[in-house]
Structure formats: structure tokens, C-alpha cells
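What follows is a single structure, and I will ask about it in a moment.
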Amino acid sequence: MNRAFPVGEVVLSVENVSLAFGGVKALQDVSFDVREHEIRAIIGPNGAGKSSMLNVINGVYHPQQGTIRYLGREYHDMDSHEVAQSGIARTFQSLALFKGMSVLDNVMSGRNLKMRSGILLQALRIGPALREEVEHRAFVEGIIDFLEIQAYRKTPVGRLPYGLQKRVDLARALATEPRVLLLDEPMAGMNVEEKQDMCRFILDVNDQFGTTIVLIEHDMSVVMDISDRVVVLDYGKKIGDGTPDEVRANQAVIDAYLGVSA
Amino acid sequence: MKLNMQSKLLAAALAASAAAVTLGSPAAQAQAKEQFFPVLSYRTGAYAPNGIPFANGYVDYLKLVNARDGGINGIKIAFEECETGYATDRGVECYERLKGKGPTGATAFHPLSTGITFALTDKSFVDKIPIITTGYGRADSVDGTVFGWNFPLGGTYWDAADMLVQYVGNKEGGLDKLKGKKIALVYHDSPYGKEPIALLQERAKMHGYELLLLPVTHPGVEQKATWLQIRQQRPDYVFLWGWGVMNSTSIKEAVATGYPREKMYGVWWSGAEPDVVPAGEGAKGYNALVFFAPAGMGQVHKDMVKYVYDKGQGSGKKEEIGEVLYNRGLGAAMLTVEAVKRAQIKYGKKPLTGEQVRWGFENLAIDDAAIKKLGFTGYMTPVSTTCVNHAGEAQARIQTWDGKKWVVQPGVIHADNSIIKPMIRSSAEKYAAEKKLPKRDCAKEAG
Amino acid sequence: MLYRENGQFKSTYVSDQQMLPILQDRVLMALLLAFAFGVVPFVISDYVFLSLLIPFLILTLAAIGLNLLVGYCGQISIGHAAFMAVGAYAAYNLALRIPQLNFIVVLVLAGLIAAMVGMLFGIPSLRIKGLYLAVATLAAQFFMDWLFARVKWFTNYSSSGSVSTAPIELLGWKVDTPAEKYVFLLGVLVVFTLIAKNLVRGHIGREWMAMRDMDVAAEVIGIRPVYAKLTAFAVSSFYVGVAGALWGFVHLGSWEPLAFNLNVSLNLLFMIIIGGMGSLLGSYFGAAFIVALPILLNQVPAWIGVPVSTAMASHLEFMIFGALIVFFLIVEPHGLARLWAIGKEKLRLWPFPH
Amino acid sequence: MKKHWPVVTLGTALLIGLALPLATGASPPGFYVEVLLGGLMAGVLYSLVALGFALIFKASGVFNFAQGAMVLFSALAVARLAERMPLWLAILCAMAIMVVLAWLIERLVLRPLVNQEPVALLMATLGVTYFLDGFGQTVWGSDIYEIELGIAKEPVMILERVFRGGILVNKEDYVAAIVATALVVSLALFFQKTSTGRALRAVADDHQAAQSIGIPLHRIWVIVWSVAGVVALVAGVIWGSKLGVQFSLAQVALKALPVVILGGFTSVTGAIVGGLIIGVGEKMAEVFLGPVLVKAFDLAGGGIENWFAYVLALLFLLVRPEGLFGEKYIDRV
């Protein structure tokens, strides 16, 4: 297949990461890497440690062992806002939108990273502060159009149906102009056409902005269709890694996972 | 239906605020020939136990004057109560609400809280309404040339502190004997409690006793540590400057830490029934200043029963008539009524403005004969004021609790003006400077 | 049919982002201001000024301050009167020790000092949330009460511990009569409301709300919790500090530490609960409500001929406050402001509800 | 890997501070012991109120600001009823009243607010506080009232041989301490041993789960609030007999807040230990540290016990947010 941004060098690699809460081992010595512009999936049954993996990557959890290497920089306990600054964005499985705010404000909040004007200027809303608001509004409108949620701009997100909220979540992440985008079960709890829409959006994002995408999903079919490479986790351990076809062929994976659904 | 309820509520709220704006225009008052007495009281909150009897006494006397004498020389007394809860901002609100009422506005205010007195003092210069503080308020306001509208009748806290020092000095056999002695001041941590400190320090310099300052935080139920310190320091005397529940607590803690009650001396606000009764037997031997004789039934009380209580008009319980704080309220009201009478001589028998009543307050001359006529014999000492001296001669006595009732000790104590006067001067000057106030020329006003 | 926005299309983002996008609202606001500045000062009695409007204006300012912290940033505080006290005493000492200072400057400086103290006590919010933070703010309350009662310097060694101030003066204008005070305060309040409005619709405001709604997600999209929370504490304390200074100088004229005790903090909290958390308009409603209710309770019964004893009235006040708090939390957590909004929605559709 | 050092440093600092007066000879040992006892007495009462907090928080996740108001209300009830009937009967009636109160609160306040975020519930209890303050004074009056437990108030000297000047104690305090301790112990047992206690703990851990395994949530809440009410009653009676029953009781009870912070919201043990620490700490601070500060900074009197507890709690929060015995929680996304 020919794509605008062919898969390139490794941008992000997870090396021997282990994470535990008290006694519970969420991740054990997991390693894998992510290449520029690719769509990378992490799959596994519930409780396999998928979400924990994302939380480690973007600094919500700090692993006891192991490091994350991103654009050559190594870190293992960077705070999530620093991670965000370095260009990694993410969406959430259980919706984590700002319920009290309108769709527009939710997406705008994704631009905070890029906003510089000081508190005094904002207080008076003059010069740079005002200009900033307008510029970023323009950018955000772009994303809103891209995700086809124009109609709901001023609606409080709380009032939107689930599927749309997922889209707003994605919009907010895109607003940070991420280099790597982490998606935590973007299609969980969606009906068929909502899922198709979401797949389309994911592919478009990857295609138009060249954003590298790491997504968690337990819906096998979807994953296999859209992702370039797949990591399989089970009980916190990596049991498979490779192209969809390789993973399908992997016996351990079949036992642990496919066997269940098949 | 829920929404419906909500909109109702909204409507209510709006109506409320609307109503709030329309009210308060004093024009709406009945314009009868009456003299309006505002009553700032607190019948709720931490200080209610002391606030209630005082308010009852004050209100009852006004009722009595109406019922017995048909008002002040025919001018009926109208009054309205306002709850301050002993809080300054509430007091100010009450003041603003009541100052304009009645045909001629408020006669005079009894803030019944030193904190409120401070706030009202500033306003008095604009509103020209006397602020009467019978035995409380700011000590320096004796100076009528600066504090044109304050009348700390009966004595200030500097007087009180001075009297106590003198009394214990004589007990020791002369003020000079106080050298090296230790006096602890256990005080309510508010302007009220802090007032006496200045004088006690002054006296300490003179006589060389050590002064121990032990503040008790509002409302004063937490005093364990305070009394542990007293137990450690073992002062020769403890002066108690408490109010409300703090007084009884102090006495209880004194019992608990075994400090002899005989060596405790309270200001006249720490010597009422609610202060000692809760401590039960333990309060026996505790002393306090008193300027009117404490309990008992004088002529005025008999009248009170006859004209007010027997007609079911009383504010409180019959058996509480004559209690210390009740009498305190009675006296406060009486002085105000007398001031109005006095002023009527100059301005005529009609409702008077606060400014006119002030003249009455500045020319009070209540001698023993007058006291007898009022039925207060044995319940107060003569009062005479001038434009310069707004307090009159401060004198009081010591009363002791014998477990059942207050027993007044013989001998009247007079505050030593040679010490207090200069302090008043300088303090008043400071205030005038701070506030950029013009000075009154009493000589000119008299002439 | 009057209240319609049909045909008011927004062609630029600027016009779409303005404070009152609907024409009618702008007109209404203009009229309201004209009335407040041009008419009220000449028709209202002094009593209403002194015991209703002036406290209302000042407390609204304080309520806005608290609302920025609690309503917008989601950090609860039950010790905000402490920062009012800081503002008041800071202003007192500035005015006392640098007499030539213009009162406006004094106000701003006092606010800044309060802001600093506020940030100091805001630091715990970086580690703790909700209830824990509430108790932490109580520490501020009691410590400040104590500090101003004890350290003599703050009260200029006044023997009674109570301080009093001269009438304020601005460039020759002596703000003395109730009407003047009202106008001055109204001016201050309008300016501060505008600033608050700008902040909450700017990106700092979005950071605060993000913190409030979902702090983890907020950090994940790059919002720095330290910055968001501390600015919230700072701005909030600044507002409250200025309000405190005004409360002391314009309303009380002389005060003691008790004037800023725990009850004041709780009242501020009630204002924003009843008025509406996260709504500037709500701060106005709440303040109006809390100021008016006790006075009404004291006077209404007398008018309608069922006199209630003063004690009863104040007990009633306690009960009604309490009941209302619970009522609002249950029925309408967004307070009067929300009810107002609902009313407006209805009006918008009137007379065709569908 | 958990960082203990801040707690340790804070703890040692406290201990040193505690030892200092003796070490420096600033106080005679006898007096020191008296202060210590005084602190413990106060502490026991704080523990009692704090216990009410902990109970309710554990079972219903509500931070009950109204605990103080409940203390006042119950004490008023006892005092006024005792004027018409024997004390024991008055206390029983008051208990009944507190149970009814608990039921009403559950019905009218908690149930409608179930699953609201904690802060909303805290504010609701603020509302309850105000209501109770007003209601209590309306029903029972706002004067000072007596609760006469018939314990001698005159103090007695003990251990004169051991310490010079002996140690002053009064019976009342001891009875108070004993009653309080008894209550505390029995409650602890109630929690650990009885089935209701276990149910309570289950509810505390997870409401939905508790309901799903058939624990009647609402009844549990009523029970807890009743228990808290009774605890408040005991505290109120003891306190009332010491200080006289009066409006300002409610304010003393505020001290329980720093106590629960120190001990950890959910922990019964925490409430007790925290109470004692605060009690001793503030009395020691007031008596020994206070005068020093006054001299050092020329303050207008001490009175540091008013904030000491809160600032201590604050410091503690910074080093150990979950309190001494509370459980830690982790955010999930």
C-alpha cells in the first residue's frame, strides 16, 4: 500500500518495563518499539496490562524498572505534562473529558501547550492574548471540521452521545499536534458504524498528519485491519509481537487469546 | 414539577432581593409623638446567657416608663430590638437599620459590645447620635472634646483595672507592697479584654508588680492550658476580664487547678449570676467589681412587677428581676431616659433628635435625691457629666459570691484620675490625629 | 419574540468569542449599568446603601474570588476569610506607614500580598485534594486569626487590638457619603468582574476548569498542575484580599480580627453554593441572597404582622441557611445561576416552546 | 521504596519538642506530668468526637462537619430533659432523639446525595451543622445549662512523695477519661468483631459491591449515624458537665478535624491516637512554647493552641497525606 508518510525509524521504544501496585504485578519486563508514522496496536485480554502500558508511556504511572526511549531521550519517571510537551498525546478508555466545558473549550484546552501569553495580558484580554485566542481557535476549528463535530461546538460535552464524546476526546488529543498518539480502546462500546467512522478517522489522522499511532483494542478484527504491527500482552507479559499475520500464527497468542474468541 | 419548584424558588429569591431594596426608607414609620429607642441586643449565640438578662432589663425599663409615667413627660417611648449576635458587622447593620427610625431618629445607642462600639464611634461623628457605653467601650472616649458622641457612663475599663489594683494594694497593706508581686490578667481576646492592659502596665511600672497576660480565645471554653500556666506561675492575684461562657469556665478551671477563688477579682462584667452559678459551690469566695448593688428588690423593681410583669408585659421571668445583668440593663435604660428628660428642659417636651439628647447626656446631674425618686436607691451612685467629661466620677465596690448570693463588701473605690486622665488625653489625641478629627471647643458651646 | 438571536450571524472568531454574543444581552447589560451608576445613587436611602448594597458589592467581590478557586479550579477552601484579613491588615499598614500612597495602589498591593499568602497556603493542594485540602485551609483560617490578634505591629500597637481607618480619598475625591462609597465599590466590582470573565474564558480559565473536571486528563494533555492550582489560589486570594481591604476601609471603618472569623469563610462558601459554583453571575446572586436573607427575616414578619422575637429570627436564619444549602445541593447543584439560565432558555424559545 | 523519612523526621521533631521542657529544666517534673495529663484529658475528648467523624466517613464516605453540632445538640437535649426527669432517663431519651436525627439525616440528606462527590457531601453537612445550631437553640434554648453527673469537682493531690508539690488531678477528668476509653474500646470491638461491624467495613470499601452481596446500604448508614450520634452524646455529656452546656460547645468540636487528618479519615485507631497526640501536643505547646514565643516576638499573649493542632495536621498532610493509619489511594485512568 502507498501512503503519504512511509513507516520510518524507531521513535519510541519501551525497554524492560516492570510495574507493580503493592503486590499486584501489572507489567513484567515488557519491551517493544514503535516506528515513525506506523500504526502500532497493543492487544490482550482484559487485565493484560494494556492501559497500564499506556499510563507508563505517558507518565501517569512510573515503572519500578525499565526505561522509555523517545526520540533518543531516555526517561522512566517523567511527569505526564512533560511527556505531553515532548509531543505524545493520548485518549482515554473511560472517557476523561472535561464535563463542565463545551466541546470547543475541551478541544481548545489541547492548545494550552502552545499558548504563551501571561496571566496579566489574559486578564485584560489585549494584544497577544486576544490574538492567540483567535489563532488557536482557527486551528481548533480545523480539527473540529476534520472530525465532523461542527454542530456541537458550544454544547457541553456531558450532553453528547458516547460515540461523539469519543470523537471529542480524539479531537482534544489532536489539538496538541502530537507526534505520537496513544489511543486507549478508541472503539470500546461503539456500534458498528461508529466503529467504522472511528477507524476512518484513525487512518486519516495517520495519513494526513503522519501521526504515529499506538492503540489498545481488544476487538481483534478492527486491529488486524488497520495496524501495521501488533504487540500482544497477557498477564503483564509480552507474549507476541509482529505483523497481524505473524501474530495470528503465533501459538502462544492463540492459546492465550484467540482461542477464547474463536 | 422539579423545574416548577425551581422557578418558584427563583421567583422567591428575586422577590426577596427586590423587597430588600424597597425596605429601609424610614419615611414609612408612624409619625406619632414618640421618642425612638433602638435596642441592640444578643439573645442568641455564645454570649446569649449574658445578653438576654441585660436586654430584658433595658426593655423592661422602657416599658415601665410607658406604663407607669405614660412616657417621658407625655412623650411615649417607642423601641425596636435588633440582634447583633455580638458580631461587629451585624451590629453595624442594626445601627444603620435603626438610626433613622422614629420621628426624630434614634435617641442613643447602647452597642453592648466593645467591638461594635469601636465601629459605631466612627459613624457617630456623621450621624450625630450618642453612643452610650455604661461601664464598657473605649476608655479614652471619656474625653468629650475628641469623642463628641461617646458616653462611657459609670466608668471605663481603665477605671475598673485601676480600682482592682488599688483594692488588692490595700489588701496587701499599701500599693507599695505590690512590689515583686505577680498579677495575672485572664482576658477575653477581643478589644473588650485588651482595654485594661494599658493601665495595668502603667501601674506595673509604678508599683513594680509583674503583669502576666493570658488571653482566652473567643468564646472561651478552652482554658485548660491557661490555668495550667497560672498553676505554674502561681500569681498572687488573678484579674478576670471575661464575658459570656468564658467567666464560668474560668471559675471552673480555677477550681480544677486549685487556684484560690478568694484571690480572683473579676471586672463588673464577670460578676453576674450566670458566671458563678454553673461553677456551683466552687465559685464561693470569688470577687468581682460592681457599680450598682447586685440583686434584691428596690422600689423600681416593685414598680416593675406592679406595672409590667403583673400585666404580663415582662420580657423575662419574674424571678430574674433584680439580677446583676438585669439591673445593668435597667440602669442603662434609666440613664438614657434621664438624659432625654434633661434635654427636654432645654428643647421642650417633644420628640428629640440624637444631637439634642446629647446635650442631656452632657448635663446629667443625678444626685442621691434624684436616685431615690427614681427608686434606684442602693442600686447606683450619683452621676454628673459635662461636655469635657463624658463619664462622670467612676466609683464601684467589690462583691463576693458566698455560694448563694452576691455580698457587697463595704467601702466604695474611686479610680485615681491623676493616673488615668493623662492616659486618656494622649490616647484621645492619637485617635484624633489618626482620624484627622477637628477638636470640640466646649467652652464656646457652653457660652 | 423580543429575545431572539436569529439573524445574528458571527462572521469572525473575535465576534463569536465576545462576552455577550447576543445583541439583546448587550443592550440589557448596558441599561443595567446605566441604571446602577446613573439612577440608583440618587434614589436609594442611606440605610439600603449601608446595610445592603455596600456589603453586597464587597461580598460579591469576595464570592467571585472564592468561586474562581472552588467553582472553577475545584479546590475547596473553608478558610478564605483569612485572606480577607490579610488584605485588610495589609491595606491598613500600607495606608498607615506610607500615607502618600493612593488608595487604589494600596488596594492592589494589599491584593498582591494576600495573593502571596494564598499561594503559600495553596501549596498543600499540590499533594492533597478535596476534604484534606479543606482542613488545610482551616489551618490558614485559625493561624491568621491568631497572627493578627497577637503580633502588635499589624495593629500598630493599638491597646485594644482594634484598628480604625480614616475615610478613603482618591485623587482629591473623598469617598465619604454612602452613595459615593456605593459608586466607588460598584466601579471596582465591575472592573474585577470583567477581569474575572476574561480569565475564565482565556486559556488560564480552561486550565482551571480542566483541573476541576479531570485532573489526570488535564495533565496528560500538558497542563501543569502546579501552575494551574497555584495561579488559581493566587488570583482567588487577590480578589478576596481586595474585598477584605474594602470591607475594612469602606464598610466597617474599624475592626478587630474577629471580623474575619470562620463564620465569614463559611458564609462565602454558602454564597457560591447557593449562587452557583463556577458562575460569576452566581456569585452576585449568592452574595445578594446571603446579605438580604437575615435582614428580611428580621423585618418581613413585622410587616406581615407576625412579630418574631429577635432570638427566634436569628435561629430561623441558621435553620433556613442550613436547609437551603442542602436543598440546593440536592435539587440544583448549580445554584441560582442555573435557574436563571433555565429561565433564559425558556425566554429564548418563547412563545414557541418547540 | 516508600519514603518514610519525612514522617520519621516530623515524629522525632515532635518527640524532641516534647522532651525539651524537662531536659532544659524549664518545668518541674511534677508540673510537666500535670500538663501531660491535662493534654491527655483533652485528647480523649477530641478522640471521642473524631471517632464520630471516622465512623461516618468509613461507612458513608461523608466527611461529617456536623459532628460538633451533634455534640451540642445532644448535650442540650440531655441538659434540658434532665430538668424534668432523672439523668439516666434523660440520657436514654436523648439517645432516642439522636437515633431519630440520624434516620432523618439519612433520609433527607444522604439518600438524595448518594454517589455525589465527597466535597458536595461535606457542604451538605455544613448545611446540617447550621440547621442543627439553629434548631437546637430554638427547641432547647440558648442559655447555659447544667449537666450534674454528681462527681466532686474539688481536685486532689497525689504522688506528693514522688514529685515536689505533688500532682493535681480531679476525679471528673478521670471519670471522663475512663468513660471515653471504655466507649472507644467497645466501638473498636464492635467494628472488628460484630457482623454489623464487618458489614460497615465492607460498605466502606465499596458501596456497589456491598449492595450486590446484599448488605442493606441505607440501614447501615442509619446505624452508623446513630452510633456517631451516641458518641456525640457521650462527648457532649462529659464536656457539658465540665464546661456547662452552651452554644460554644459546637466550636470546641471543630478540633476533631485536625485529629482525623492526623489519624487518617478511615481509621478508628487513628482517631484515638490522633486525638491524644493533638491534645498533648497543643497543651504542651501552649504552656511551654507559648511563653517563649511571646518573649521572642513580643506577642500580645500566647494562645497558640488555637492553630497548633491545624498547623500540625497541615505539616503532616504534606509528608503523609493518608494520615497515620489511613489507606493510600491511587488514581486510575
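Note that the chains are named A, B, C and D in the order they appear, and that numbering of residues resets to 1 at the start of each chain.
Assume a residue touches a chain if its C-beta (ideal position, glycine included) is under 8 Å from a C-beta of that chain, and two chains touch if they have at least 3 such contacts.
Nothing here was measured: the structure is a model prediction, and the numbers come from that model.
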Inquiry  = When I count C-beta pairs in contact, which pair ends up with more: A-C or C-D?
reply    = C-D
Query = Of all chains present, which has the mean Cα position farthest from that of chain D?
reply = A
Remark   = Most central chain, judged by mean Cα position vs. mean of all protein Cα atoms, is C
Query = At what distance in angstrom does the C-alpha mean of chain C lie from that of chain A?
reply = 41
Distance between chain centroids, defined by C-alpha means - chain C, chain D (Å) = 33
Query = So, what's the distance in Å between the C-alpha centres of chain C and chain B?
reply = 35
Ask   = If you average the Cα atoms of chain A and of chain B to get two centres, how far apart are those centres in Å?
value = 72
Query = Mind pulling the chain A residues that touch 2 or more other chains?
reply = 60, 92, 96
Message = Residues touching two or more other chains, restricted to chain B: which are they?
response = 43-45, 48, 52, 189, 194, 197, 215, 217
Ask   = What residues in chain D touch two or more of the other chains?
value = 137, 142, 300-301, 303, 306, 331, 333
Inquiry  = Which stretch or stretches of chain D touch chain C in the complex?
reply    = 63, 108-109, 112-113, 116-120, 122-124, 126-135, 137-138, 142, 254, 257-258, 261, 265, 297-301, 303-304, 306-307, 310-311, 313-314, 317-318, 321, 331, 333
Note = Listed in rising order, chain C residues that touch chain A in their complex are 13-14, 17, 195, 198-199, 202-204, 206-207, 209-210, 212-214, 216-225, 231, 235, 278
Ask   = In their shared complex, at which residues does chain B touch chain D?
value = 43-46, 48-49, 52, 189, 194, 197, 213-217, 219-222, 224-226, 228-229, 231-232, 244-245, 248-249, 252, 255-258, 274, 278, 280-282
Query = Along chain B, where are the residues that touch chain C in the complex?
reply = 2-3, 5-7, 9-10, 13, 16-17, 19-21, 23-26, 41, 43-45, 48, 52, 81-83, 85, 87-90, 92-93, 96-97, 99-100, 114-115, 118-119, 121-123, 138, 189-191, 194-195, 197-198, 215, 217-218, 427, 431, 434-436
Remark   = Per the touch rule above, chain A residues touching chain C in the complex are 58, 60, 79-81, 83-85, 89-90, 92, 96-101, 105, 108-113, 115, 117, 119, 122-125, 129-130, 132-134, 137-138, 141, 172-173, 175-176
